[in-house]
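There are two complexes below, and they share chain A, which is joined by chain B in the first and by chain C in the second.
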Partner chain A sequence: MSETAVDDAPAPIPASPKVGPTPRIVTEVPSAVDRRFNAVTMGAGISVLVLLLLVGGFLLIQSSDAISQTGILRFLTRTEWRTDVQPPAIGVFGLLTGTVLVALVAVFFAVPLSVFCALAITEYSTARRRKWLIGVVDLLAAVPSLLFGLWGFLFLSDKMVPISRWLSDNLGFIPFFHTEQNASLTGSIFIAGVVVALMVLPIITSVTREVFSQTPAGEKEAALALGGTRWGMIRAVVLPYGRGGIIGGSMLGLGRALGETIAVALLLPQVPQRIGDSIHILQNGGATVSGFIANRAGADSFTVSGLMAAGLVLFIITLATNMVASVVVSKSRSGAGVDL
Partner chain B sequence: MSETTVTPPTSPQRAAPSRPGPVRRARRPREFTNFDVVVLVGSLISALCFNWLIFYRLTAGASLFGFLLCSYLSFLALFAVVTADRLGRLVATDRVMTVVVVSAAAIVFVPLVLLIGYILVQGLKALRPNFFVNDQQGITPVLPSTAGGASHAIVGSIEQVGLALLWSLPLALAAAVFLNESRSKWRRPVRIFVDAMSGLPSIVAGLFIFATLILPFAKSGNPLFGYNGFMASLALAITMLPTITRTVDVVLRLVPDGLREASLALGASRARTVFSVVFPTARTGMTTAVVLGIARAVGETAPLLFTAFGYDLMNANPFSGSQESLPLFVYRNIRKPDISAIERGFAGALVLLLLVVALFALARFIGRDRSKRRGAPKGGGAAVQTNPDDPFNSPTSDALAPAGALAMNPHIQEPMTP
Partner chain C sequence: MTDLDERALPMTDSGILLAERPSVGRATIIGGPPPGAATLEAKGACAWFGERLVLEGVDLIMPAGQVTALIGPSGCGKSTFLRLLNRMHELIPGAALDGEILLDGDDIYATGTRAQQVRMRIGMVFQKPNPFPAMSIRENVLAGLKLARLKCDEKDDLVEQSLIRAGLWKEVRDRLDSAGGALSGGQQQRLCIARSLAVQPNVLLMDEPCSALDPTSTRRVEETIDELRGEVTVVIVTHNMQQANRVSDSCAFFLAAENQPGVVVEQGPTRKMFENPDDPRTLDYVEGRFG
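This part shows the complex of A and B:
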């Protein structure tokens, strides 16, 4: 039956070579319709790939004007953005620090809340309540960024001022929470971060929820059967199992937070600030790449070229974050999810 | 054998009940008696009273937020101490974490309710029937906010999103089919790129269209390559494409392989299988995906800033001249200094919110679980037969689907808690 048996016994057969049972090669010969169908779907798939490369490529071409005039190193490390002087001094560093700070504040608030929320959905809810919770989180995801920005800008900003005041009064000795005398506390990176946290919460929640829900039931039952409490079971089984998902989900949220545009454009003054001796996240000020771009729509061609360069930097950073996130998520579960 | 049956009466274990002392009763770990409720409520009340005393009687009073935060923390501490005293440290940790998890889930409601309530209250001030009929013709800052309307923005939104759907839907469907139904080695890179693309900042999509199609043709004077609704639709299509592709991808993955194999075994071609078996099976899920994509695109503002640009008057032709859309109308108005413009912006925000919530409800309605009403024992039926050995059939990358997509899908069965 096996091929080796045929190979090992060549002697008796050669008399009539067509007698021996030769294995039929199983192939699929696609029909003409199928060939066309495959070509079309493949074309669509590849075109998505090409589209993303095009986005990066065109941004690179268009930004070459600004980058060549300022020099790539100067562009990446300079804080101020001035097109009124000759030669124009533009740099993306001030924007990048603002972007990263907003995203970090957002993730700081969103991750614990999301993990607890995901636990509440997968481990603590009855089927009916679970549906409700998922609905609420999804609705939070469906609300457009613009409305979050509007709400944060005109409602939440004022409500947050006492909290910022309290933080700076009592924890001001930490350089992070320090504010200058008589500084306005609205329009701060802190407030923008809180609003962005609400926007990334659904994405982190949905990733962690998915991972938690795939925890092998056998392991969970084993933990409970050994006399563990529910929290003991979660700590011993669910959280270790979902660790990769939590990390990946947080990074995915970080990527979202880095690219968040309209809400941040409304909330922050969008003037790149020198971040020297201390970082004032609690007081008015700060700019992010995407918000800065949004506020400059319709500018002259050199500024636009600079914006393209800033957009390219943002594009690369978010792309890298998202790639790492998807790798972490996929690696973690394929490795851990098979033994039961 | 016989000895063991005889011995029990004399064994010390069996003799134990006769000894005086408390009867040890088996305790269920999750037992939650009336007394536990009393402890919970009691800790809450005493924490609130304690903090009220400190915050509003003994000191000059701090913010409400501080009061609530401190009350919550002291409630947790009290609850932990009392439970630990009654039932031990292990149970106390469990109970406290239950409270923390449940309250974290409850906190998510707060911003949502505040946001919807605020926009509802502010938006109703300026929302009148003429909002849907008039544009901003002849509107000056001295006029009240109820004057004028956003019909031009609504028309623009419909045209832009409609065109965007026209460009992105065929491509997204074909790409999703490619990811699921083909056996090409390019599936993995495409999947990774689709995932990456869904994280693409939407402003970059607008900037891309601006850089490739508007800026190079700026001097040509061709209205097709200027600020217009068509360009906006292209930018929106780029943002919609990954959303729809990934959601449809997830839905197609849930179509049982048995159905495909049955169709192929009957001699149908792969194309015929997709059109006659896979698509009809996944129809509701795909509709849900499209509705969600629309809901996402309707609220997008950032890509429009560089493409549609915004305009105060009606421009029904999406192929020529800058055009308004609902998000742009809101964004431009709330940045104006006069109160009436801000109120008009809020009216637009309310319309946008209602539209998004309506689309959201529609998606849920389409994707609802129909099998339940017929009394079928299983959920959607489709998720049951996924093959765990097939990496593309296991729900591995479901987690990366856009938030909301999975929950919308009735075929995904939520695992039961033990």
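This part shows the complex of A and C:
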């Protein structure tokens, strides 16, 4: 018994007659169909992983030139991006700042809007209106981001100026909301963030909607039976239950917003900036990693290598955000709200 | 009634419950239901799910402070009738109704009467215990106040009184801040009863409140119902004939023939319904010969 390893499958038949229980692992031999299907699904899963590794490896190799010349720490902490001086001084920090700020503005606007959208769909609609609303939100997801960018650039930008002006006049004492004299208020991180908010709204809405719709019916009825209004029931039951889904959905949205390219390439001047330096989210200025790459692609080989390095940083950040998000979402589905 | 009294004596729990009762008066809730039990009366109540009529012409009086049991085989519309009584029926898409439900003489479906007001006065305990799992025991008991936006200055008293009335105080007094979902099934159900009682309703509806419970918890819930007699009107759906016999003052027997809507076949004092009912089908049912 002692020399029989538990994970030896199939378990070897003991040589000598045994006394007492012997642990035995029962494994089913899958049928040919199952084996083939298993191979196909495993293959598909693995190919995604391989693709990810290939992209990461490609970025790493391509960026080695720029990183080795600049030094990794310098590259991560430097704000400016100048290839016209010798040696070139490039860094990703200014781009990252812009990227994160745009994404945060986007999520700030998109999350409440998405949550209300999801509530309207799950809690305040008849079956017919629910279908219709879901269709509309899905349609929003199908609009190419270029169109959002063009719309933001040609239409929304001007319309947002009075709002930016008001915010800066009334809340200018908050550092980010400060604007300089005579600065243009179009092409700002704020406006780019609002446009990106519309682009991430569908994903956040669909994740939160999914979680809200799984709220236990018994708890909802309990809240209503106690004399609660629908809104009271939502606050007492649906929102606490869906909290994990809201957080996870927001992070998925954040992941999307971080990588959003065309709209920000169109909307922002793409000049790297840094917090505490000249970041004013309400006025013209700012750059994001992806927008910057889109604008500069096709330059000399050293610049391209630098862009690859910036891309690698973005790749790692979005990957991490999405992984954390999916963990949060999957956790929230099984037994959210049951914090014991 | 005598068998009820006899039964109450040997039960130590009842004695403890009485001894536990605080000397202070009932905590006052501002804006809550008027005090005391209320009479509930159904007049020609009908219910539909979509096109399907599932309940037809139910006339039933549930006298103030008494316990009325609704019995009958599965699918005959007992739950549907119960949910008509506190306007939960209308929450189901496609559900419709006819007739009147009078609470102390006023139709709860009259135009201008809010469902929230009605549900505050007519509490409900469900078949499956449904406490709010993320809230503490204390918060669970006070949830109704919050939801119905009522004020109470003696929240601690209210929590204690409600839990005592539901027969749960002794078991949870030391852990009022632990999660409501961490209790056993029977305790959860009594927590749900405490939660309903905290709003101090005039009527309490119970839909098979003991069907998921063990015999001991069942006995505790029955005791609770017994204690509520006189203070609150109780309407209870049960499949357990002994339970109906033990706890109720009067009884209504629902029956639905195949592809026909449910109707009340017979109603009357529990003693009569169980000993010499007028309708032979009632006798068959209470003696377990069909259903």
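Throughout what follows, the second predicted complex is superposed on the first by the 290 of 340 C-alpha atoms of A that agree within 3 Å, B and C clash if a C-alpha of one lies under 4 Å from a C-alpha of the other, contacts with A are read in each partner's own complex, and residues count from 1 in each chain.
We adopt the following convention: a contact is a pair of C-beta atoms (placed from the backbone, for glycine too) under 8 Å apart; a residue touches a chain by one contact, two chains touch by 3 or more.
All values reported here derive from a predicted model rather than from experimental measurement.
Legend: residue contacts after superposition of the two complexes on their common chain; A:R74 is shown touching neither chain B nor chain C. In the superposition on chain A, contact of A:P162 is made with chain B only, not with chain C. By the touch criterion stated above, A:T318 is placed in contact with chain B alone, chain C being left untouched. Contacts of A:A236 after superposition on the shared chain: chain C is touched, whereas chain B is not.
Applying the stated contact rule after C-alpha superposition, one finds that A:P202 touches chain B and leaves chain C untouched. Contacts of A:G227 after superposition on the shared chain: both chain B and chain C are touched. Shared contact residues on chain A (touching chain B in one structure, chain C in the other): 127, 221, 224, 227-229, 232.
Listed in rising order, the residues of chain A touching chain C in the complex are 126-127, 216, 218-219, 221-229, 232-233, 236-237, 240-241, 337-340. Interface residues of chain C facing chain A in the complex, by the touch rule stated above, are 86, 88, 91, 93, 116-117, 119-120, 123-124, 126, 128, 130-134, 143-144, 146-149, 179, 181-182, 192, 195-196, 199.
Note for the complex: chain A touches chain B at residues 30-31, 33-34, 36-38, 40-49, 51-52, 54-55, 58-59, 61-62, 112-113, 116-117, 119-125, 127, 130, 133-148, 150-151, 153-156, 162-163, 166, 198, 201-203, 205-207, 210-211, 213-214, 217, 220-221, 224, 227-232, 234, 245, 248-249, 252, 255-256, 258-262, 265-266, 290, 293-294, 297-298, 301, 304, 307-308, 311, 314-315, 318-319, 321-323, 326, 329-330, 333-334.
Remark: chain B residues 29-30, 62-63, 65-66, 90-91, 93-94, 97-98, 100-102, 104-105, 107-109, 111-112, 114-115, 118-119, 122, 170-171, 173-175, 177-179, 181-182, 184, 186-187, 189-190, 192-205, 207-208, 210-212, 215, 238, 241-242, 245, 269-272, 274, 292, 295-296, 298-302, 305-306, 309, 327, 330-331, 334-335, 342, 345-346, 349, 352-353, 356-357, 359-360, 364, 391, 395-404, 406-408, 414-418 touch chain A in the complex.
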